[in-house]
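There are two complexes below, and they share chain A, which is joined by chain B in the first and by chain C in the second.
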Partner chain A sequence: MDPTIFGFLLSDGLISGALYALVALSLVLVFAVTRVILIPMGEWVMYAPLTQAGFLEGRLPATVGLSALLLLVWAVLDRRRGRAPWLLAGWAVGVGLLGMAGVRWPSLAGPIAFLVVLPLGPASFRLFFEPLPQGSVLLYLILAVGLHFVYKGLGLAFFGPDQFRLPALWPGELGVLGLPVPGQGVLLVAAALLAMAGLFLFFTTLYGKALRAAAVNRLGARISGISVREAGRVAFLLATAVGAAAGLLAAPLTNASYDMGFLLGLKGFVAAILGGLVSYPLAVVGGGLVGLLEAFSSFYASAYKEAIVFTLLLPVLAWRSLSALTLEEEE
Partner chain B sequence: MRKRWIGLAVLLLGAALAQAEVRIGVTLSATGPAASLGIPEKNTLLLIEQGTFGLPKGVKVRFFVLDDGTDPTAAVKNTKKLIQENRVHLIIGGTTSPNSLAMIDAVAEAKVPFISLAAAKAIIYPVDAKRYWVFKTPQTDELMSKAVVEDMVARGIKTVAYLGFNTAYGEGWAKEFAKAAKAAGLQLVASERYSPKDTSVTGQVLKILSKRPDAVLIGAAGTPAVLPQRTLVEKGYRGQIYQTHGVANPAFLKVGGRFVENTLLPAGPILVAAQLPNTFPSKRPALTYIAAYEAKYGVGSYSTFGGHAYDAWQIAKGAIERALKKARPDDLAAFRKALRDEIEATRGVVGVHGVFTMGPTDHLGLKFNEAAVMVRVKNGNWVLERTFR
Partner chain C sequence: MLRVRGLAVRYGSAVAVEGVDLEVHPGEVVTLIGPNGAGKTSTLLALTGLARASGELCYLGRPLDGLEPEERVARGIVLVHERRLLFGEMPVEDNLLLGAFSRYKRGERGLGEDLERVYRLFPRLAERRRQPAATLSGGEQQMLAIGRALMSRPKLLLLDEPSLGLAPLVVQEIFGILRRLKAAGTTLLLVEQNAKAALSLADRGYLLEAGRVVLSGDAAELARDPQVVEHYLGLHPEERP
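The block that comes next holds the complex of A and B.
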């Protein structure tokens, strides 16, 4: 193989890897705090750029309405909790105003799309997961699969079956060792490393440790004065933020359509599994590995690319189940 | 007394004749992922129902239009419902190849003729006991491959690479294109696959670039066809890029932008109807169809897919008129059989995608030089490159 091709594949693999790493980070984050394997994350990753595309075309994307609606339902559910319903209703109105601002100022479409998609995570947690506080991992998984189908169907209804192309934040190219690397890809890799470092540090703080405690031992956490509910909402909020940012950064390179999320989520999940669903640095390494494997297998045997990537799961699962001593904590 | 009975019988017969109606069942993918194909087909059928494109003489026609949501299971369910509840004489529809293929068993079992609006050759070939009842109007991959290969040879292209979907569409093209290329002496130097949902095809593109082909054919449909072409252009490929007729909709041009400029693709003549030479058989019906469609649904709203429904109706209309001479619509089984025979006997029906002349072994009936033209993307528009006549 000549070095130029090797270099191209390497950079392409690392850029795809960064996208998978970001999805993996959000999956690890949610799993570490709530024991939910968040399949619909892939849909939310796609919702952000699709919402942005809607703003750029001058129409109000239906995600604005969905976000506001979920927040309002949340407000009704929490109506007996002092000021909470008013704050939530205010948030819903804020999302609506943001939507109008997005149509009015298309140059701000990206950040506004991010803010519009953001409430979907915590609101979905409140509406669908929180009512089942003692659920098993399997129950949460089934619920997550159901939500995946709902959000995918809504995505088709909201945005149609076509792909959308978005303008790059950094349209130029960067010369790395004589190889042209797209600037947008550099941003994506930087975002993955930043998110990894941020989450890693966050979970060494007392607040972060409290969040993890909520998943490790629910009862113990509550006795220590940690709100398990709040922990879940915060985890979903952070994860949606990471996912939506990943989608917005990746879409100029990859295009975006309603049905691309699931495969993305699945590959992010493979990456997260490589890190045992607990470690942020390992999840990023896993994302990089999946991306590289994909790039090189698409060069050598494109017809079997998907099979090769998912076969990677088998040895890793075997190795982890043999080496991990104590995984079952409390269920 | 006896005279009275005869009189009553004649009266009843007369009433039955007056009420004779032909029922046509339609199942389309007007929602779901293939909605951009199904909606223009449905719009065309609404025009047909209103009589815009003529109705068969001497009989009332009723349409039953159902939506299958781009789901083969729903398409089969619709088909059974149309046959059993609505007792239809003919079924038109099956927007996508998987839907049409799934419907074959149901129509063959009930012995109802079926005109499919999907592309795959497997829908009508080989004409066996089941496909005896199945016809279709859109061009096959085989026919379009022939057009692509002929154009490549005419341009002096010697080596070519293929990059297509890992779905039935991409595999169908891979097979037919490889066959046609081999027959014409073209060297296929690489044959790669990607998934419509892939976010990167750099690996495949680099492999193709390393073989330095004169041309690349991308076997994909709709907007996911943009990614490989964009990657090829970004990585500095300077040869000719071909796409297939699966990209012939405005969304492809919009998403593709400058990356799809100068692409060549085979397409049904309707895509560039106004630019065709006046002697081209499909020009006049295509212009008539477009005018009627745009009058109802707005300028620029027509697409090639609605044309397949129009063609199906042109074939069905003639066949119904001829079948009425052989059987009465009240006699379900006999009329269905007569209608099937008459569809197979279609000769020289000029549609918007070509001229249909069917036969016992050919349930499509198109010739490639009348059903395919080469189109180039220029300044974000479809421009006629050449015809094969």
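The block that comes next holds the complex of A and C.
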């Protein structure tokens, strides 16, 4: 292989690896706090750029309504919790106003799409996972797969089957060792590293440790004054933020369509598993590996590139179950 | 400080506690003794909000109804659970700091001072501060569970069988600590199988059988009661010293 092709594949692999890394980070975050393997994350990652595309076309994307609706249901469920229902209702109204602002000012479409998609995570946790506090990892997984189908179906209904191309935030290119690397790709890699460092640091604070403790020993957390529900909501919120940002940054490079979420989520999951679903730095390394493997296998055997990536899962799962560190559940 | 009237705890159709009246005054040590299955743990779980209960629970002049366990911790009702419920894979020090989470969330800082205080109380924990909690011995885990509860600066500390499964020497050590907590004015509600140790520490006591209070009163008097002596202190009345 000549060095230029090698260079291209390398930069391609690292850039898609950064996307997988971000998805993997969000999955690790959610799993570490709630023991949920969040399959629908891929859908939310896609919703963000699709929502942005809606604003750019001058129409109000249906995700605005979905977000506001879920927040209102949440407000009704929490109607007896003091000021909470009012804050939630206010948040729902805020999402509606943001939607109108997005149509009015297309230059802000990206950040507004981010804010519109953000409530989907915590609201889904409140509506679907919180009512089953004692659920097993398997039960949560089944629920997550169900939600994946629901959000995927909604995606088709909201946005249709088309692919959308979105404008790059950094349209230029950057020369790295004589290779032209798209600026947008540089942003994506930077975002992955930043999110990794941010999450790593967050989980060294007492607040971050409390989130983790909520999963390590649920009852132990409650008698220590840690609200397990709040921990789950915060984890879902942070994870959705990471996922939505990843979707918005990646879409100018990869396009966006309603059905791209699943494979994306699955590749992020492979990356997360490489880190045992517990380590943020390893999840990023895993993302990079998946991206590189995919880039090089698409060069040598493009028809099999997905198969090759998922085959990676098998030895990793075998190795992980042998060294089964923190995956075992509490009593 | 705590007034309980007509407390009942049911698990499905099984009745664990029925019509229990209980009082704890500030600075007092009150013990709850009774045989296995008497409903001691259920009573404590009802106070912390972990078991669904009916009856009147009044704490610091206000009802506890509708407060989540974590909200009760923030108000000073803290339980040392009979199963300890430590964060096994996390270091000893993190376990302790997490005990102070409700204070941290209120914006209190300077938790390091409390940490030092707990380490002075339990020097063995200080030596093991970086070690995962799961690797501690049973006695050390109990100390950690108590230490974690103390980090929240409890107003009413509920202890569920702190001597459970521990060697006599360690039990003595734990009771030594409880004695020091008492001397420092901490209000304790202590559930114990070890009635002798519990009654010697407590000011007052309640004897629970099959979910009901069958005897209550001054701890020293309870310790002389023939029924208590025979069944819980392991001596016949005539053998009494």
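The rule is short, and it goes like this: the second predicted complex is superposed on the first by the 326 of 331 C-alpha atoms of A that agree within 3 Å, B and C clash if a C-alpha of one lies under 4 Å from a C-alpha of the other, contacts with A are read in each partner's own complex, and residues count from 1 in each chain.
Just so we're on the same page, contacts are C-beta pairs under 8 Å (C-beta built on N, C-alpha and C of every residue); 3 or more make two chains touch, one makes a residue touch a chain.
In this text, all values refer to a predicted model and were calculated from it rather than measured experimentally.
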Which of the two partners, first being chain B and second being chain C, lies in contact with A:Phe8: first, second, both, or neither? first
Name the chain, either chain B or chain C, that contacts more residues of chain A. B
Touching partner for A:Leu219 - first (chain B), second (chain C), both, neither: second
Identify the partner contact of A:Leu177: answer first if only chain B is touched, second if only chain C is, both if each is, neither if none is. neither
First (chain B), second (chain C), both or neither touched by A:Leu314: neither
Between chain B (first) and chain C (second), which, if any, makes contact with A:Leu322: first, second, both or neither? neither
On the A-aligned overlay, A:Ala303 touches which partner chain: chain B = first, chain C = second, or both, or neither? first
In the superposed arrangement, does A:Leu263 touch chain B (first), chain C (second), both or neither? first
Dual-contact residues of chain A, meaning touching chain B and chain C, are none
Considering only the defined contacts, which chain B positions touch chain A in the complex? 32-36, 166, 192-195, 197-204, 206-207, 210, 222-224, 226-227, 235, 251, 255, 257
For chain A, which residues are in contact with chain C within the complex? 80, 206-207, 209-210, 212-213, 216-217, 219-227, 326, 330
Quick check: in the complex, which residue numbers of chain C touch chain A? 48, 50, 66, 68-70, 73-74, 78-79, 81, 84-90, 94, 97-99, 101-102, 104-105, 148-149, 152
The chain A residues in contact with chain B across the complex are 2, 5, 8-9, 12, 15-16, 19, 156, 160-165, 250, 253-255, 257, 259-260, 262-264, 294-300, 302-303, 305-306
